[in-house]
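Two complexes follow with subunit A in common, the first pairing it with subunit B and the second with subunit C.
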Partner chain A sequence: MKRLLILVVLPLLLAADQALADKPLQVVCTVTDLGWLAEQVGGEDAEVSVLCPGEYDPHFLPARPSLARRLGKAELLCYNGLDLEVGWLPVLLDKARNPKVRPGQTGDLDCSLALEQVLEVPVGQLDRSQGDVHPEGNPHYLLDPRNGILVAELMANHMGHLRPEAADRFRQRAAALADELAPRILAWQEQAVPVGQRPLVQYTKQWEYLAAWLGLELLGSVEHRPGISPSPRHVDAIIGQAQQEGVRELIAAPWNHLDVAAKAADRMEAALVVLPAAVASVPEATDYPAMFDVILADLVAAAGK
Partner chain B sequence: MAGFFGMMAAPVAVALVLVVMHGYLGQHVVRRGVIFVDIALAQVAAFGVAMALFFGAEHGTNAAWFVGLGATFLGALLIAATRSRNDTIPQEAYIGIIYAVFSAAMILVLTQVPHGSEEIRHLLVGSILWVTWTEVLKTAVLYAVLGVVLWRSHRSLTLISDDPAAAQARGMKLARWDFLFYAVLGTVVTSSVQIAGVLLVFTLLVVPTVMACRRGCGGGVKHLVFVLLTGVLAVILGAAASYWLDVPTGAAIVCVFGLLLGSQVAIEALAGQRS
Partner chain C sequence: MRFRCLYTLLLIALMLPATPALSQSSTASGISRAFNPAISVNTLLLGRLADKTTERAYNGADLQEAEVQLTAMVDPYWKANLVLAVHPEHAHDDEEGGHGGYAGDVEVATIDGQAVPGGFGLLVGKDYLPFGKHVPLHTHQYAFVDAPAAVVTFLGDHGLTEVGVRLAHDLPLPWYSDLTAYAVDGKSTIFAGESRDPVWGARWSNLFDLSMESTLEIGGSWLHGPMAHDYLLIHHDEDLSGKLDVWGADVTFKWVSASASKGPALTLTGELILPRPEAGAQDPWGWYALGQYRFLRNWWFGLATGALDRGLDAHEQAEPGDDHHGLFLWEKVREYKANLTWVPSEFSAVRLEVARYVDQVGDADETLASLQVNFTIGSHPAHLY
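So, the complex of A and B:
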């Protein structure tokens, strides 16, 4: 009887395993930038879905049951890491009950592991008085496209482990993406030269990687403690500094409180420049390279005024 | 650098405009025992604004403001209709229910709007530090118009607040007057919450009147003057604390109000022991 059972069940299991291997890899990404990168690397060997739509602030995504359901079907979860999604991803993972993508499992991919250098890792004591500060460093590394290339390579390796038969294709696609982005990165850097002449002020701490990559100088941020309203003296100081240094642009993400940002820009006698901080955060930023096209075009246009 | 006066003049000015209006309305709110009505109305208004955002209006536009105002009138109608004729269920219960249900409904709507969570945070704490002189002027003009309405109906409203049974005996239609009062309160709160946030608006409305009432809830000019003076004192102390201690302005003013009320209670207790 037992032998008969094995004879019947084993081929079924093998067939199921084979069917799983033929099916595209189910990838869930937290943010749109990672979603685009995963699509480029995965091609027809992966099906990618994104949890946080581009227009939403990835710090504060409202948890919805449908998100947990999508996470439940994932074989690979790619997230930004450095605590960007700490407000909602752990809760969703709890609800999703999917052992494959739990921390430390094969389907868990913290994309920040691809970085060579994390900016602004804080030193010394941390506490809540500093607002939603990221204890592991600044998480907005995808605003430097060179990091996008690193992340794509990491994804290719990881997807290759999960689907060994497609490993070569993943690696080839990541390499093709790097080749495609390399000349555009140089062009963007070229474009940014006139922008770097004057310092900028940012509304929230979001643009450090962009600035470091393009050689822009950021004077400071209006909301210096993310998630907490700024104090009058801080606002006074940053406005005074902005006027002294001849700042003409205040840059903000589309999900910042633009009412307040516009008022801050007014007081600095600067223009408010809203830049896409993620793929699809504005309609023109249709994909990852297009996002940098828009960022550079907007910065150059503002600097030319 | 603008310094203390450059930074804080407009926020203090708008807070003083709010103190006058909320100080007066607060008397009625406390005497009617409908303490949380302002928060409930503000929440209904916020729900209206959320609906406007959901249907594609931009934040801070006239369309959003009018939809918010329309929702507030709906809230005023609901609250006027819940004046309790049944003593076992206080009106506060219905007000609490209106608050909870409209808050939840707003969350449902705002999760469908990209910048929803930022809006929710903004409604709670406001952004009084960023108020412009144009906004100060707009608020002052709006409140002056509503002030005329209140002044003309002061006597009837006071009678209903103090002794609704007597008012009804005189043949006054309570529901209509209630609607007028809540509609005015709602309009005031809708605009003040946008500037100062729910926490500060609630404090401005209730704390000065409670402090005045601890000294005898007589009403009248003396009462109003006391309300205004405590309001002015708290706003200026709070603004100064915010500037020199380097903390957010709205929260600082709310805490100063709390401290003032606490010290008043302590001083009264000490004086009571001595005599």
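So, the complex of A and C:
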């Protein structure tokens, strides 16, 4: 009887194990940049879905329960971290009822752990009078493509832990992505040289990683306290400073309050340049490299005017 | 009553630092604060002008409510949530009458299962019952200063927060469909608190993604339990007994533009409440509908209306001159509200509101103008969709 049981049950268990191994890894990413990176690394071994469409400001995504359903089926959750998604991801995680992707579990991946350096980590007293400050640092690190490479490597390692039989393929794809991006990064840096001649003003604190990578000078922000409407006194001050420093471009993300940004740019006698701040945030930014193609093309075009 | 509530709060406050001392030596020794709960305080201040003086329709300013919330993981299996509230004591709670102090209450004290298999949600403890769209809201989440008259009249003016257990699961349907069932010990004013029979109930919520920016939610709710002896009665001269069923249906449309952070947004909600008591009122009904529109980054405009009929027979009907004490004792009423809210950040709001209640039977109409200030400090969890 025991032998019969072993003969019947063991093959079933092995078949179930094999079926799980053959099934693509179910990956959910919070933002489109991470979604694209996960697709490149995961290839045919992963099925990737994204919670926040590129058109939405990822700080303020409405936490629709249908997104929680997607999260409920995930084996791996890749999120930006540094509190970018703090307004909606914890709610979705509670609603998803999926122990695999809860904080600290095997399916939980904070992609900011890949960074070598987090910019603008606040020092000293921190309170809400400074607006929606991120206590762990500026979260917009994916606007530096070198960080995209680091995140892809981290994803490959993590996916490999969850699907050991595909670990080599994940690593190979991450390496291939790094090889593909490296020459393009050099080309984008060269392309940016004329942009770095004059300082820029940004609408809100979003572009520090881009500026640090390309050697651009950011004079200041129209919205100086993140998430809080700028005071007229501050707008007057930044406009005066911009005029004094010869600023010619005010850069903004598509989801910023472009009417306010346009008025400020007009008073600065500068051009308002709306740049994609995420994959699919504008139609031309179809993928991660295309996003930088658009950013650089728009910045260079504005600088040449 | 007031002293008992405050005593309970004091006991809980004393227990808070004592509990970790027993179980988490690192926290108690002061070496690490990493395990401390996320703490927030939400406060509502309310100034009012009214065309008459009752407890609710007062002229003056007061603390509407202050809520202290503590949230933390207990261990790998449970997440805990505690909400302690302080609000003006209701006149009918105070033997001496009038409002001269504040009462404390434990609104929420739950643990939420974190490792429940099979995609089930398990919540144990005291919490607002999942009935319709308005009952689960905390006061600072209300779209208008006061809850709709139908909600207050049929489901209680202290909120429906009960101790028990609830189980939820996402149904395997093409759209998001969540079914929650619960069993609680009914202590709220609508239930016979001394009864040993539990209160049962369920909510079925269905949410359809109409587009990237808009959703439609259709929900149904039901609860069943031992009925309060004066449920829906105005004169309180009868002693009812029996069971109470309450049925509810709700529909909510939401649209949030992706065009800008905190860009245009619209919420439309309608809710129908049908209590079916075994004795007393005959086929009472009530409903409300409200709309909120964010027309500028920091500005919302809201409109609401509603109506209710207690379904009382001639013996129980209201009479002209009945003293309502502001406790929503209308037999039949219609309500109309409009407000304008300035929301400079997620952590504060100032609301100006006008509300009118039209008594359909007697002459106890009411008009209120309210100015509400809402602020939150600390680490407050994000709200549900």
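One rule holds in what follows: the second predicted complex is superposed on the first by the 290 of 305 C-alpha atoms of A that agree within 3 Å, B and C clash if a C-alpha of one lies under 4 Å from a C-alpha of the other, contacts with A are read in each partner's own complex, and residues count from 1 in each chain.
Methods note: contacts are C-beta pairs under 8 Å (C-beta built on N, C-alpha and C of every residue); 3 or more make two chains touch, one makes a residue touch a chain.
Not measured: the values here are computed from a predicted model.
After superposition on subunit A, the partners subunit B and subunit C collide with one another. Of the two partner chains, subunit C is the only one that A:R69 touches; subunit B does not reach it.
With both structures placed on the common chain, the touch criterion links A:D236 to subunit B but leaves subunit C unconnected.
Once chain A of one complex is fitted onto chain A of the other, the partner contacts of A:N98 are limited to subunit C, with no touch recorded for subunit B.
Once the two complexes are laid over each other on the shared chain, residue contacts for A:A264 go to subunit B alone; subunit C is not touched. Of the two partner chains, subunit B and subunit C are each touched by A:Y56.
When the shared chain is aligned, no partner comes close enough to touch A:Q172: not subunit B, not subunit C. Looking at the shared chain after the overlay, A:I228 reaches both subunit B and subunit C.
Of the two partner chains placed by the overlay, subunit B and subunit C both lie in contact with A:N256. Contacts of A:Q117 after superposition on the shared chain: neither subunit B nor subunit C is touched. On subunit A, the surface patch touched by subunit B in one complex and by subunit C in the other comprises residues 53, 55-57, 60, 62, 64, 227-229, 255-258. Those residues of subunit A that touch subunit C in the complex are listed here as 53, 55-57, 59-60, 62-66, 68-69, 72, 86-88, 90-91, 94-95, 97-99, 102, 128, 131-132, 227-229, 255-258. By the touch criterion given at the top, residues 1-3, 6-8, 11, 59-60, 107, 110-111, 114-118, 121-122, 125, 127, 129-130, 132, 239, 242-244, 246-251 of subunit B touch subunit A in their complex. Residues of subunit A touching subunit B in their complex: 53, 55-57, 60, 62, 64, 227-237, 239-240, 254-260, 263-264, 266.
Only residues 79, 112, 114-117, 119-121, 168, 170, 175-176, 178, 205, 207, 209, 212, 215, 254, 256, 258-263, 297-298, 344-347, 377, 381-385 of subunit C touch subunit A when the two sit together in their complex.
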